[in-house]
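Quick heads-up: structures coming right below.
Next come two complexes built around chain A: one with chain B, the other with chain C.
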Partner chain A sequence: MTIEADAGSAPVPGLVSRLFAGHLGPITVVVLAIVVIWYAGAVYMNAPRQIEVFNRAQTDWGAADLIEGTLAQDRPILPAPHQILVEMKKTIIDKKITSKRSLVFHAWVTLSSTLLGFVAGAVLGILLAVGIVHVGALEKSLMPWIISSQTIPILAIAPMVVVVLGAIGLKGLVPKAIISAYLCFFPVTIGMVKGLRSPDLLQMDLLRTYSASSWQTFWKLRWPASVPFLFTSLKVAVAISLVGAIVGELPTGAQGGLGARLLAGSYYGQTIQIWSALFTAAALAASLVALVGVIERLAVRAMGGRR
Partner chain B sequence: MMPPSMQSDPVSESVAAAANRDRESVVRARDLSLTFETADGPVFALSGVDLEIDRGEFVSFIGPSGCGKTTLLRAIADLEQPTGGTLAVNGVPPREARLNRSYGYVFQAPALYPWRTIERNVTLPLEIMGMSANERRAKAGEYLDLVNLGGFEKKYPWQLSGGMQQRASIARALCFDPDLLLMDEPFGALDEIVRDHLNEQLLRLWAKTQKTVVFVTHSIPEAVFLSTKIVVMSPRPGRIIDVIPTDFPRDRTLDARESPEFLEIAHRVREGLRAGHSYDD
Partner chain C sequence: MRLAFNPWMAASAVLAVTALLFPLGAGEIPLAWFDLPGLSVFVLAFAAACAWLARGKIRGLPLGLILLGAVFIGGAAALYLLYRAGAGGEARLGFWLFVFALWAAAWCGLDAIAGFASLNRLAQRGVDLLVPLLFGCWLVFLWEAVTVGFGVPQVLLPSPSMIAVRLAGSLDILAADFHQTFVKAVISGFAIGCGSGFAAAILVDRVPFLKRGLLPLGNLVSALPIVGMAPIMVMWFGFDWQSKAAVVVIMTFFPMLVNTLTGLNAAGALERDLMRSYGAKYWQTLILLRLPAAMPFIFNALKINSTLAMIGAIVAEFFGTPIVGMGFRISTEVGRLNVDMVWAEIVMAALAGSAFYGAMALCERAVTFWHPSYRQRR
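Right, the complex of A and B next:
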């Protein structure tokens, strides 16, 4: 009888269960939940000002009017998702990308310093890790500095970097890239120190029986063994180097970049503009992480598939 | 294909020279001791070890864990430093022998690099020694055939069974044609059926290549079946308590294990191990 009951309640795997077997179902549910909460929040937070507007105009208003009004303000405290999407469409797709009001233009300004900083930070991080793994003195002398470098708030350092570099004639891209690199070398160093030390004793002994040089040990064993660690830390690094670039744009009064856009938005109370810049930054970070993920998958495939 | 060591014409060598070379000792230890300093005080891994291994022999070290058999093998390979006595490999100190690349070492685990194909794993030592890619490929084919792994060149280690992986690691140890093969419980992690099979293959390989083999094991049948000389060791401190010569024909099969001679030698090994243990109780 239980068999019958089971058969009745679960026929062929339905659309829902198939959807939830992968990522799509769970993600959709979470996104929907966020959107619902967001709309509720937007109505709640924008309501007082909307009521004020209604009262000042001495119009009669009902619940429907209130909701409609709160979701259509020019400068809401919390803009509704669709307002942000409309603004993003306007500034990403409709504007020419050369325009100072195009988000694509600003995103490119930020992205260029992100990428420069990421590459510099990753190279620095790898070099530091190689040094630390091979020279005992470097681990003792550098490691405390590397760790304490990350305990200083980047917001405190960023203006100084910009001012000092500005004084020696470096403006625009380079100071921002340096702030990015400052943030993103850290996970690379930590990950790579671990990765370069990941070969086990047996694998090391094997090379010793061939009397391999330390150069050969590095290229034939330590480096390939560290590749999975490298990609894990690069994914973290690329995301925070974007944060670094945006932070680098805040104190400079920069004219371009997502950071400048955020700052301008908050000066003029343009909340919709702030949020759309924020969304663009998040989308940019996600695509950068995904891009590193794709490269990782190609590398893993080239290195034998299963690790 | 025959490995290069077989390609030299045996007739061109005089019988006397060959006999002389045969008597040359590959490993010679005199009063060898090795002590590890640990936080809990010194550990006497080896003590007063005297040992002679001649060219072409198949010598097994057998004993309970902790008896220093692996340490002795690692000392021969210059992976551990003796703290007393003398040790010579091919007539020179172990370090020099290692730099001369005079031995191939097979570890307890295959220790294949997962990002390299089987072919590139086998030719890793050749790569380190600076051989050209074409020569390396030829060698890989030759030695993979020798361990019956022909056709697996392009596979990755995870695509092979444990026994196949260990065979690949044997090919890797042989491919630069060292005259000494050091094996540290190479089949310890494999099941008995695979182990028996590999023992037979190893014996054939040894007969074919004329290498000197030093083999660490804790299996009595394995030691008796494979060896020309069995070195029985005992722990705390690690020392040699018996050296048992055997004289089975080189082309013996697994059936030899049923013969009275085999059982007699196995019995002597077991007696030796038991005598070694009585010191502990």
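Right, the complex of A and C next:
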């Protein structure tokens, strides 16, 4: 908004400078730079092995051959971006989605436990926050433990949780979802405690003069006031929920999921497969966060917010 | 003063009396309260005390302290029932009702202590520390009672006492793992990652163009599952701690970069104008104004990173490691179903993580003492 307003009052700038005044231009340049560096890195890191290959075949090679060879290796140390994109196209678009080799299938496995854990964690987080805001003793006794619960590297013991829960017959979706939920509830609780306390003293006093019950105060003041906080924490929560699901899939011999894909790739040295799983996970995370952002905008508009 | 009837205490009294009517354990020889006349008298006394306290004559800190003592003795009695009297594994309704009675009393006592407010800072501080500690002790007791009382299989969830025994018995292994994972991988990775993130932020800050391009990307990357890079790092840097440190570096770099960049913009326009009117140079403004203003953000990143670093190092060990390290130990002992050893590692990881986080928080308090969140009392 402000940028446009400034641009309107100033003498009309050229296209280039207008493009670079916003975020789009700089981001494009930075991304392009990263891609260029990536290609250079791929050539540099894959070169020794390529030279070895050339020497073994006793062929003459020039710089062009070397570059071409390094960017087309089967199991490169660092695959070039286009190799990853080709692999992703092969496993996302060309394969049937029911196939075990389809990344869509694996992404769906991960996504389902992510979403289940996300919903469970968010509900738990909100309930805890409501309890903490309304019961004084709960705040003092529980809050320090909620904070220190996050210093336990749950992500690191996630595989154990999965194995142990598997031993009592909880298999598949649920153990991963529990890990996601454990990671999720924390930002939601913290954000919601802040949000439910965000109405200022004047507004609370007004409701008291209306002799509103704490139930009415909650629904008419605290809850609406906390919605922006809720969505901010939900964005954080959905991202770490995905991380939790992926790590939960790691060492359990899970058959499906992006984490299983990563592990299989690392066992067999299939670097391209690892990277394509990583890219898919990144795309998934970005779209989940974006989705929460869209819902936020809709919710705020429905509530008549001014954002 | 109006006497306030205390429903929690009444519930506690009723529960304790009802408990006496039910059997305690169902071993080969069923255990009942009349087998233990001394304990039964104690429970009756407990119930009577609760009923008397429920009238609400005593409240606040005295009530809390009385209940604290009562619950402590009651907890000891419950543990005696489990271990000595033979209710372990086969505990029945009578035992659980007694535990519930203790629970109600404990909650009430905690509530009473938490409500304590004093202008004496030291006393207030002590009570604020005491409440979560007592709550934690209660949770551990409950964990012990449930696992031993129900006879939960050790594979599923070992009892705290078992974990403590295992922890004390394998200190040398734990120390070796700690050295490998924490001292070597986490500390070095954390230092390099945070240091380079900070340096990059200072550099990027000088070029507004880069800043506009990098900040949204950095925010995006912070949301990505970077732990997934672990197998690649293990491939690149080998099995030893260097690869774990590398994972920690990439995990901690972006939060530091983004937070420092945000923090460098946190100094107000007024203060900046003041510096300009003094004719301050870039470096003077940076060191005297902008870095101090950025400190809350930088410490925020340090605190986030302290937990991320632990996670990164341990997860990276799942992808290949020498035969020492916390992640290695966790994954192999799970395979052998030595869950108590795993829990011992978890306890140590939690202690190390909390200590690391706490150290960062203490530094923050010392450095950003001027910040409103510390100046203001509650």
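The working rule: the second predicted complex is superposed on the first by the 286 of 307 C-alpha atoms of A that agree within 3 Å, B and C clash if a C-alpha of one lies under 4 Å from a C-alpha of the other, contacts with A are read in each partner's own complex, and residues count from 1 in each chain.
Everything below uses one rule, namely that a residue touches a chain if its C-beta (ideal position, glycine included) is under 8 Å from a C-beta of that chain, and two chains touch if they have at least 3 such contacts.
In this text, all values refer to a predicted model and were calculated from it rather than measured experimentally.
Asks: In the superposed model built on chain A, check whether chain B and chain C fit or clash.
Replies: Aligned on chain A, chain C fits beside chain B.
Asks: First (chain B), second (chain C), both or neither: which does A:Gly169 touch?
Replies: The answer is neither, since A:Gly169 touches no partner chain.
Asks: So in the superposed three-chain picture, is A:Met303 touching just chain B, just chain C, both, or none of them (first/second/both/neither)?
Replies: First partner only.
Asks: Using the superposition on chain A described above, determine whether A:Gly62 touches chain B (first), chain C (second), both, or neither.
Replies: The answer is neither, since A:Gly62 touches no partner chain.
Asks: Is A:Ile27 touching the first partner chain B, the second partner chain C, both, or neither of them?
Replies: second
Asks: First (chain B), second (chain C), both or neither: which does A:Trp145 touch?
Replies: Once the two structures are laid over each other on A, A:Trp145 reaches chain C alone.
Asks: Report for A:Pro159: first if it touches chain B alone, second if chain C alone, otherwise both or neither.
Replies: A:Pro159: touches chain C, not chain B.
Asks: How wide is the angle at the Cα centre of chain A, looking out to the Cα centres of chain B and chain C, in steps of 10 degrees?
Replies: After fitting both complexes on chain A, the angle is 70 degrees.
Asks: Name the chain, either chain B or chain C, that contacts more residues of chain A.
Replies: When the residues of chain A touched by each partner are counted, C comes out ahead.
Asks: Minimum C-alpha distance between chain B and chain C after superposition, to be given in whole Å.
Replies: Least C-alpha distance after superposition: 7 Å.
Asks: With touch defined as at the start, can you tell me which chain A residues reach chain C in the complex?
Replies: Listed in rising order, the residues are 20, 22-23, 25-31, 77, 136-137, 139-145, 148, 150-153, 155-157, 159-160, 163-164, 167-168, 235-236, 239, 242-243, 246-247, 250-251, 258-259, 262-263, 265-266, 269, 271, 274-275, 277-278, 281-282, 285-286, 289.
Asks: Under the definition above, what is the set of chain A residues touching chain B in their complex?
Replies: Against chain B, chain A makes touches at 200, 202-203, 205-212, 216, 220-221, 224-225, 227, 303-307.
Asks: State the interface residues of chain B toward chain A in the complex, per the touch definition above.
Replies: The touching residues are 77-79, 98-99, 101, 103-105, 107-109, 111, 113-117, 124-125, 127-129, 156-158.
Asks: Taking the touch rule as given, give the residues of chain C at its contact with chain A in the complex, in rising order.
Replies: Answer in residue numbers: 107, 110-111, 114-115, 128, 131-132, 134-136, 139, 155-157, 209-214, 216-217, 220, 223-225, 227-229, 231-232, 234-236, 306-307, 310-311, 314-315, 318-320, 326-327, 330-331, 334, 339, 342, 346, 349-350, 353-354, 356-357.
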